[in-house]
Structures are given as structure tokens and as C-alpha cells.
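What follows is a set of structures for review.
Two complexes follow with chain A in common, the first pairing it with chain B and the second with chain C.
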Partner chain A sequence: MTSLGWAQIALVLAAILAAAIPLARYIAAVAAGRVTFLAPVERAFYAAGGIDPARGMGWRGYTLAMLAANAAGFLLLYALLRLQGVLPFNPQGFDGIPPFLAFNTAISFVTNTNWQAYSGEAAMSYLSQMAGLTVQNFLSAATGMALALAFCRAFAAGGLRDLGNFWADLVRVTLYILLPLALVVGVAFVAMGMPQTFARYAEATTLEGAAQTVPLGPVAFQVAIKHLGTNGGGFFGTNSAHPFEGPSALATALQIWSHQVIPFAMALAFGHIVGDRRQGWALLAVMLAFVLGGTWIVYAAEAAGNPLHIALGVDPAAGNMEGKEVRFGQALVALFTATTTGASNGAVNAMFDSFTPLGGLVPLFLIQLGEVLPGGVGAGLYGMIVFVLLAVFVAGLMVGRTPEYLGKKVQAREIKLAMLAVLVLPAVILGFTAVSLVLPVAVASIQDQGPHGLSEMLYAYSSAAGNNGSAFGGLTADTPWMNTTLGIAMALGRFAYIVPMMAIAGSIAAKPKLAASTGTFPTHGPLFAGLLAGVILILGGLQFMPALALGPIAEHFLLFAGKTF
Partner chain B sequence: MEPLRTGRLRLPRLLGREPPMLDLLLLALGVGFFGLMAAYAFGCEQV
Partner chain C sequence: MNAILRPALSIVGLFTLLLGLAAPIAFTGAAGLVFPVQAGGSLIGRDGRVVGSALLGQDFTAARYFHPRPSATTEADPEQEGATRPAPYNAAASAASQLGPTSAALKDAVAQRVAALGGGPVPADAVTASGSGLDPHISPENAAQQIRRVAEARGLPEARVAALVQQHTQGREFGILGEPRVNVLALNLALDGAR
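Let's look at the complex of A and B:
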């Protein structure tokens, strides 16, 4: 580790926080319907859909509208992928995507996961990339943000009967937040050297005289929303490590900024919406602490290098550079890794399969902690508030008082629903991993032996259920078993969490808002932040510790005993 | 991919070599999941 590396990390994080503060105020204004500079466009959407934006929805109506929108998105994307071979904007003449892969990809992009069992440049037409995948990047991100805004409203006042209008929230978030930001960031990416073209792939002759095809396409604007929406699906198979998708260290820094700024701003927007900004800062502090901790462990592990390489005479000064781009360096790789997995983004600029075992443990663990650090756009905030409810419940048990949060009593119904939500991740991840580690059809997908092979399978289901989408590498994912079960894991990880979470929102919204008294446990100070971090670590971490011990932790000790996989 | 003759366009050719029944099964799985989640929402009301 170097001081220059830490200065890079500090600079990027400072830029994120500096932008998140005003963005939070703006998001709160959009949530309240006070931003109207595109009102004619907004009204056109409502008129086309027959929507009355003023009509409020209860939690069930809001949830059913969200499910209907996402079901339609799944059907349309599946059809587009299967039919791309006969549709326009297909200069390379790609065939339709096969059924199992189309199923997996459609679920993947609808759930904001962007797990990719294909290489975009070798499989996807420009129409599929733009009208299918990029559109879903916007809609899945807007869905998460809309749900988070509905959840925030539940705490804002007492005796609420509705949580807003899903369709109005979806339109406003897309029009006023995601599209303008994506436009600005997309132009910046073009200026940094990312292609944005409909031209055919270029044919080049190398210095050795060999023919080489150079993939092009409408890359820059897809990459912009890929990060801003914490989607993470790359235009190219190697994602942000590709020279056209991550052309420089500056472009990498802007990508990290893009996939962190909205999740952090959402935490602060929560404080604005509930009328107590300190609550937002408390959530942000916990998120930031985990991001910094994760970055430090990856940076330290990778900068220390691989002991087996060093024993062979490799210069230890550069650390473990296997699977990394020299132009990014260790510091930006470490920050990118911790932020992309903590934020449920899933883009990668290095290959985790080549990390040291401890370096590879961090992205896996950050996903398993529930994708709340700071989590996906919207999804991170509502996931964090579910952990907050569990933390105040634990605090209430300690002091013998009925727990409350922001003046709302947290009772048995909310805790039961919160447990239904947080148990989804371990049940799906550990269940599918366990079955896949004994079924020959699934074991055949694993490339490496021993604990490293276990990590490959565990990571795949963690990434899918956590709606992260990054790949550990080394796993053959494009098989009927993997495509189908990973698709189901993504869908359960997204929607089986959202339904009880929205039920909590409905229950909390209806309760009266009580005034704070001397006995109220303050939820904006360091004591509560520490308790919240502990609950996240214990609830998220302990469930996965046995699996982690058999995977990356065992591999770490074996590496220092001279055995590699 | 061979050029398509619109007059002879048939669904199986349009979708490749895979049986169309596979598409129906996968679509039913996807849509069925969303239906299940809708039912789950009603179930959560009872908690």
C-alpha cells in the first residue's frame, strides 16, 4: 500500500460525498413532486398509460403495480433477445439468444443484477444492448428507487394510508434523476475515449500480419447507466477491464463515483424525507465504514502479493498483479472491488478469481452482508432500514422497552416480516450452492479444485441472490442448470425480499408518529451506528461463516502452506 | 444466419433450433414466479 494509493481512494470518496449531499436534497424534492422542469413529458407518459399520478396506492397496490411492470419487462426482454436475429441494428448478424440464456439474461436485467453468462460483443445485437439491456438498466434502477421512496414515506408521518403512486415515482425518478445524470456521465465517457457508434466492428491487421476484429458499439451511454443504476452489466465480456469500457484511471474513478453517488445520496435523502437529516448521516456513516474496511482489506491483501509468486522471484513491490490492469493500479482496483460489491453494482475492472484468497473473500462477504453497504440504488436504502428495524428491536430487548424508530413503534408483525426478508438471502445462496455442489451436472461447471472451486460456486449464487451480478470467474455459467437456477436465485433475491419489505412499509405507515421522549433510544449517534454495524455483521456474516471457512479462508491457510488451486 | 424469406417465415425457424415448447416453459416459469410473488403479497397481509 502507498500513500499515493490512499490519496486516490480519499479523493474519489470525497468527490462522491461532495456530490451526494446536494443530490440528496434534489432526490427528496423529486420524491415530493416539487421538480417539474419536464412536466409536459411527464404528463405525456401519464396520458399514454392512463395514470393519475395523484392517486395514492397502499403497500399492496404499490407492490402489485411494481410486479406487473417487472413481469412485462421480463416478457419483452425475453422476446427481444430470442428474436434479435431477425430484428434491425444487428450489423454482425448475431443469431437469437438461446432459450435458457435468454431466460437468465431477462431475469438478470429486470432484477438489476446484470449477471452475464455471455460476452456482449460476441452475442448481443446493438438493438438488444440498447432497447433491451439499457432500457432495463434504467427501469430496474428506477424500480429500486421508487420502492425506497415509498419506504421512506412510511416513516415521514403518522396514520398514512398510501405510500405514493408507483407509476408516478417510476416516471419521475427516470426523468428527473437517472436520465439527466446518465446524459452528463455518458458525454464524459465519450470524451474519455469510450466508443458510441452504430458502425460495424472494425477489422485490423496486427503487426504480425494477423487479422483482428475490434468490437465497437454504443458503449459509452450504456456504461453510464450501468454504473449510475448500480446495474453492472458490461457492454463487453471483460466489463470495465476492457480498454473501451475502462479506458483510463480517470474513467475508472468516474465509474466508481457513478455507482456510489446515488446509493449514498439515497441514505441522506432518507434524512430529508423523514425530517431529521442526522438519521441519514447515521446510515451513511455505517455504509462508509464498511466500504473503507473492505477497501483496506483488498488493498492490503493484494499489495502484499502472492507468497508463492514471491518465492519464485517475482518482484513483490507491485503486489499481486495477476488478473489486474496495470493502468488502474492496486488502489483503484481495491476501491472498485469494495464499492462494486458493496453497492450491488457488479461491474468489475479486475478478475476476482485471480485475487489472493483474502482479497477474494471481501467481495463475496460484502455481497452476503445483504447488499446494503451502500447497496443498490434504492435497494440499499430499504435493505438498510430493514436492518435498522432489527437493530432497534435488539436495543429494545436490551432495555426492556417497546422498540421504536422515528416515532413509529416496531412490533411483532414488523419483526416477523423483517426476518422473512433477511432470511431470503441465506436460504437461496446456501440452498442452491449446497445442491449444486453435489449434482454432477452442476459440479461440471467448476473449473478449479478444492476450496477455490467451492468459492466459485458460492460466489455465483451469492452474486445472483444479492442482485450483484459480478462473477468470481472460473465457472462455466452458460448451461441449462446454471442459467435456470441462477435466474430463480436472482428473482427470489429481488422480489421475495421486496414483498415483505413493502408489507413492513404499509404496517409502519399506518401507525401514529409518536413524539420523542427522554426514554427514546437515539438512532443518530455513534452508539446506534455501532449497534447497527454489529447487527449487519452478525445477521449477515454468521450465517455464511461455515461456507466461507470451507472456501476462501481455508484457501488462505493452504496458500501459506504452499498449496494452490 | 441464413437470410429469411418472409413468405416462408415460420415460428420454429425464427427462434432457432430449440423446440418452441422450451420457450413456453421458460416464459411460464418467469410469469408464474411473478404470480407467486403477487400471492405472497396477499399472504404477507396475514402475518
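Let's look at the complex of A and C:
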């Protein structure tokens, strides 16, 4: 670690915070319907759908509308992928995507996971990338943000009968937040060197006379929303490590900014919507603490290098360079890693599978903590507030009072639903991992022997259920078993969480909003932030400790004992 | 049911037209006008032929060229259905080794590469495969270790080659971001033009 490295980290984080503060105010204005500069376009959407944007929906209506939109998106994307061979914008003449892989990919992009069992430049037509994957990058992000806005509204006032209109939220978030940001960031990406063309791949003859195929495509626009929407699915197989998808250190820094700014802004927007900005800052402080802690561990572990290789005569100065690009440096790799897994983005600018054991433990654990640090756009905020409810419940138990949050009493029903939601992740991750570790058809997908092989499998189901999408890439993911079970894990991780979460929103919304009294436990100070962090670590992380001990932690000790597999 | 299906289908359909076709097509047109080189893949031409992209690494094995980092990319093996064989810097299929830190295969590969360079200490980037398999850069330390070989193979004074390396060493972006590096293709193109 160097001070110059930490200066890079500080610079990028400062740029994120500086933008998140005004963006939060803007998001709150969009949520309230006060932003109208594209009103004619908005009206056209409502007219086509027969939608009255002013008609509020209860939690059931809101959730059903969301599920219908996602089902339609899934079917359309599945059809596009299967049929890409006979559709236009396919200059490389790629065949249709096979059924298991198309199922996995469609679920993956609709749930904002963007797990990829294919390599973009070798499988996807330009039409699939644009009209299929890019569209779902927007809509899955907008879905998460709409749900989060509905959840925030539940705390804003007492005796609410509705949570807003899903269609209006979806359209406004897309038109006023995601699309303008994607256009601006996309232009910057082109300027930095990302291709944006419909031309077929270029054929080059290298200086030594060999043939080299240069893959091209409409890359920059898709990569912009891939980060802004915390989707993470790469245009190319090696994601943001690819020189066309991460052409420079500046581009990688802008990508970090892009996948972190909306999740942070959402936390602050929560403060605006509930009318107490300190509440947003408390959530942000906890998120930032975990991001910094994760970055520090990855940076320290990777900059120290691999002791086995150092013993062979490799200069330790540059750290562990297997799976890493020269241009980024260890500091920006560490920050990218902690933010992409903390934020449920899943893009990578280096290969986690080749990280040192502790460097690889961090992204895995940040996913397992529930993707709330800061989590995906929208999804991170509602996940965080579910943890907040559990934290005030724990605090209430300690002092023997009925817990309340922002003047809303938190009672047995909400706590049961919150526990139901929080248990989805460990049940899906540990369940599927355990089964897959004893089934020969699944074990065949593992590349590395020893504890690292267990980490590969555990990482895959963590990434899928957490809707992250990054991978320990040595795992062979394109098999019927992995495509199917990972697809189910992604759907459960997304929707089996959303339904109880929205039920909590409906129940909270109807409650009266009580005035704060001297007995109210303040939820904006360091004491509460510390309690919240503890609840996330214990309720979110403890279930995974045995699995982590057998995987990355065992590997760490074996590595330093000089053992290889 | 119609109250849910109609908005779902029309919103997803309209957004597919707007975000999946209209916006990217307009964006592509504008990008091609304002940044034609970058939007087209930063291709480099020499004598009327495309020799590569400024952003993508390519394989060099001759002694007279600077060598890039090891690359883990592969290609389909024509002799065995479904199998692959090593094909460094195959830009049609970017790939990393994905080998873990306790992998014996990785340790052996690193040991062989260190031995091929005449033993340690060697810069880490010279004996490890990159994340993309297409890393266009090497570290200045890696380049420095290759100067003597290249100078001898070309019959150029070492100082002349060292000066070219110096000239093609890029510092941290804005003095702070990333790492110092040398673009191997750009350096080798300059070498071919040097006397």
C-alpha cells in the first residue's frame, strides 16, 4: 500500500460524495413528480399503457405491477436471445443462444444480477446487447429504484393508503435519472476509448504477421448504464478488465463513480423523502465504513502479493498481478472490488478467482452481507432499511420498549417479515452450494482443487442470490445444472426478498406517525450507526462463517504454509 | 388482468424501442461524428493495412520486439471437438487464467516464466497473465529488462532503444491515477521506424 494509492481512493470517493449530495435532492424531486422536462414523452408512455400516474397503489398492487413488468421483460429478452440468429444487427452471424443459457441470461439481466455464463464478444449479436441486455440494464435498475421510493414513502407520513404508482415511478426514474446520466457518462467513455459502432469486427495483421480479430460494437452506451444501474454485465467476456471496456485508469475511476453514486444518493434521498436528512447520512456512514474496510483489506492483501510466487523470484513491488491489468494499479482494483460487490454491481476490473485468499474473501463476504453496503440502485436502500428495522428491534429488546423508527411503531408482523426477507439469502446460498458440492454433475464445474474449489462454488451461488453477478471465473458456468440452479437462485434472491419487503412497506404505511418523545431512541447518531453495523455483521454474516472458514480462510493458512493443489 | 398486462407490455415495448434502438442508434451516430477514432476501436494503420488497435495488446515472440505479458487466451482446437488450445492475445475471446492463489498449475507456470527470463527478481507483470489476456501495457521495469535483447537483435545501440522506451513510458494519468506503463505495440511500431 502506498500513500499515492490511498490518495487515488480518497479522490474517487470524494467525487462520488460530491455528486451524491445534489443527486439525492434531484431523486427526491423526481420521486415527488416535480421534474417534468420530458412531460410529452412521459404522457405518451401513460397513454399507450392506459395509465393514470396520479392513481396510488397499495403494496399488493404495486408489487403485482412490478412483477408483470419484469415477467414481460423476461419473456421479451428470452425471445430476443433465442432468435438473434435471424434478427438484424448481427454482423458476426452469431447463432441463437441455446435454451438453458438464454433462460439463465434472461433471469440474470431482469433481476439486475448480470451473471454471465457466456462471453459477449463470442456469443451476443449487437441487437441482443442493445435491445435486449441494455434495455434490461435500464429497467431492472429502475425497478429497484421504484421499489425503494415506494418503501421510503411508507415512512414519510402516517395513515397512508398507497405507496405511489409503480408505472409512473418506473417511467420517471428511467427518463429523468438513468437515461440522462447514461448519455453523459457514455460520451465520456467514448472519448476515453470505448468503441461505439455497428461495424463488424476488424481484421488486423499484427507486426509479426499474425491475424488478429478486433471485436467491436455499441460498447460505450451499454457500459455506461451497466455501471450507473449497478447491473455489471460486461459487453466483453472479461468485463471492465478488457481494454475496450476499461481503457484507462481514468475510465475505471469513472466506472467506480458510476456504480456508487446512485446507491449513495438513494440513501441521502431517503432522508429527503422522510423529511429528516440526518437519517440518510446515518445510513450512508455505515455503507461508507464497510466500503472503506473492504477496500483496505483487498488493497493490503493484493499489494502484498502471493508468497509462493515471491519465493520463486517474483518482485513483490507490484503485488499480485495474476488476473490484473498494468494500467489500473492495486489501489483502484481494490476500490473497484469493494464497491462493485458492496453495491451489487458485479462488474470487475480484475479477476477475483486469482486474488489472494483474503482479497477474494472480501467481495464474497460483502455480497453475503446482503448487498446493502450500499447495495444495488434501490435494492440496497430497501435492504438497508430492513436491517434498520431489525436494529431498532434489537435496541428495543435491550431497553424493554416497543421499537419505533421515524415515528412508526415496529411490531411483530414487521419483524417476522423482515426476518423472512433476511433469511432468503443464506437459505438459497448455503442450500444450493451444499447440494452442488455433493452432486458430481455440479462438482465437474469446479476448476481449482482444494479449498479454492469450494470458494468457487460458494461464490457462484452468493453472487446469484445476492444479485451481484461477479464470479470466481474458473467455474464452468454454462452447464444445464449451473444455468438452471443459478437462474432460480437469482429469481429467489430478487423476488422472494421483494415480496416480504413490500408487505412491510404496506404495513408501515398504514400506521400513524408518532411524534418523537424523550423516550425515542435516536436513529441518526454514531450509537445507532454502530448498532446497525453490528446487526448487519451478525444477522447478515454469521450464517456464512463456517463456509468461509472452509473456503478462503482455510486457503489463506494453507497458502502461507506453502501448500498448493 | 388487462389493467396489469396492458401497461406491462406497452411500457416494456416502448422502452425497448427508446432505450434499445432509438437512443443507442442516435448515440452511435453522434459518437462516430465527434470521436471517430475511439468509436471505431482506435485502430492503427500502417502502409494502408490495419495492424491492430492502440488499446489491445498483441503477441510478440521475436527477439527484435518487446514482448508483452503472458496471455491466457485460447482458441478452438481444430484437432479435438470442444477442446481449446493456447492462443495468446486472441482478441476474439478475451480471457484470464482464473487460476487461484494456491494453484499448482499457476505456480509451475510462474516458475517456468521466471526461469525463462534467467531467474529473479523479475517484475510481476512479466510472469503473470492479465485479466483480459489483452493487456496492451508492460511496466517500465519489465521494458527495461528487455532493452539489451532488443538492441542486440536489431544492432542498435542500447542507449537508442532505452531512449525509445523512455519516450513511450506513460506516467500516471493526471499524475495520480493508475500506474506508469509502456504500450508495447506503440513502442514496437516506433522501433520498426527507428534507425
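Just so it is clear, the second predicted complex is superposed on the first by the 564 of 565 C-alpha atoms of A that agree within 3 Å, B and C clash if a C-alpha of one lies under 4 Å from a C-alpha of the other, contacts with A are read in each partner's own complex, and residues count from 1 in each chain.
Keep in mind that, in the parts below, a contact is a pair of C-beta atoms (placed from the backbone, for glycine too) under 8 Å apart; a residue touches a chain by one contact, two chains touch by 3 or more.
Just so it is clear, the structure is predicted and the values come from calculations on it, not from any experiment.
Chemist: Based on the shared chain A superposition, would you classify chain B and chain C as clashing or fitting together?
Modeler: In the superposition, chain B and chain C stay clear of each other.
Chemist: Have a look at where A:V394 lands relative to chain B and chain C in the superposition and call it first, second, both or neither.
Modeler: Once the two structures are laid over each other on A, A:V394 reaches no partner at all.
Chemist: Of the partners chain B and chain C, which touch A:L420 in the superposed model: first, second, both, neither?
Modeler: Once the two structures are laid over each other on A, A:L420 reaches chain B alone.
Chemist: Quick one: is A:A71 in contact with chain B, with chain C, with both, or with neither? Answer first, second, both or neither.
Modeler: After superposing on A, A:A71 lies in contact with both chain B and chain C.
Chemist: I'd like to know which partner A:K324 touches here: chain B for first, chain C for second, both or neither.
Modeler: It touches chain C, and chain B stays clear.
Chemist: Is A:I488 contacted by the first partner chain B, the second partner chain C, both or neither?
Modeler: Touch partner of A:I488: chain B, not chain C.
Chemist: When the two structures are overlaid on chain A, which partner does A:L87 contact: first (chain B), second (chain C), both, or neither?
Modeler: Once the two structures are laid over each other on A, A:L87 reaches no partner at all.
Chemist: Could you tell me if A:P98 is touching chain B, chain C, both of them or neither one (first, second, both, neither)?
Modeler: Touch status of A:P98: first partner only.
Chemist: Which chain makes contact with more of the residues of chain A, chain B or else chain C?
Modeler: Of chain B and chain C, more residues of chain A lie in contact with C.
Chemist: If you've got the overlay open, could you tell me the nearest Cα approach between chain B and chain C in whole angstrom?
Modeler: Across the overlay, chain B reaches chain C at a minimum of 13 Å between C-alpha atoms.
Chemist: Do chain B and chain C touch any of the same residues on chain A, and if so, which?
Modeler: Common to the two interfaces on chain A: residues 64, 68, 71.
Chemist: Looking at the complex, which residues from chain B come into contact with chain A?
Modeler: Residue positions touching the partner: 1, 4, 14-16, 18, 22-23, 26-27, 29-31, 33-34, 37-38, 40-42, 44-45, 47.
Chemist: Using the touch definition from the top, list the residues of chain A that touch chain C in their complex.
Modeler: 4, 7-8, 11, 44-45, 48-51, 64-65, 68-69, 71-73, 76, 119, 121-122, 130-132, 134-135, 138-139, 167, 170-171, 174, 179, 183, 186-187, 190-199, 201-208, 210, 212-216, 218, 220-222, 236-238, 241-244, 247-250, 252-253, 305-306, 308-309, 312-329, 332, 348-351, 353-357, 360, 447-448, 450-452, 455-456, 472-474, 555, 558-559, 563-565
Chemist: Contact residues on chain A for chain B in the complex?
Modeler: 60, 63-64, 67-68, 70-71, 74-75, 78, 82-83, 85-86, 93-96, 98-100, 102-103, 106-107, 413, 416-417, 420, 484, 488, 491, 495-496, 499-500, 502-503
Chemist: Per the contact definition, I'd like the list of chain C residues that touch chain A in the complex.
Modeler: 3-16, 19-21, 23-24, 27-28, 31-32, 34-35, 38-43, 49-62, 65, 69, 89-104, 106-107, 110-111, 114, 119-125, 127-139, 141, 172-174, 176-179, 181, 185, 188-189, 192
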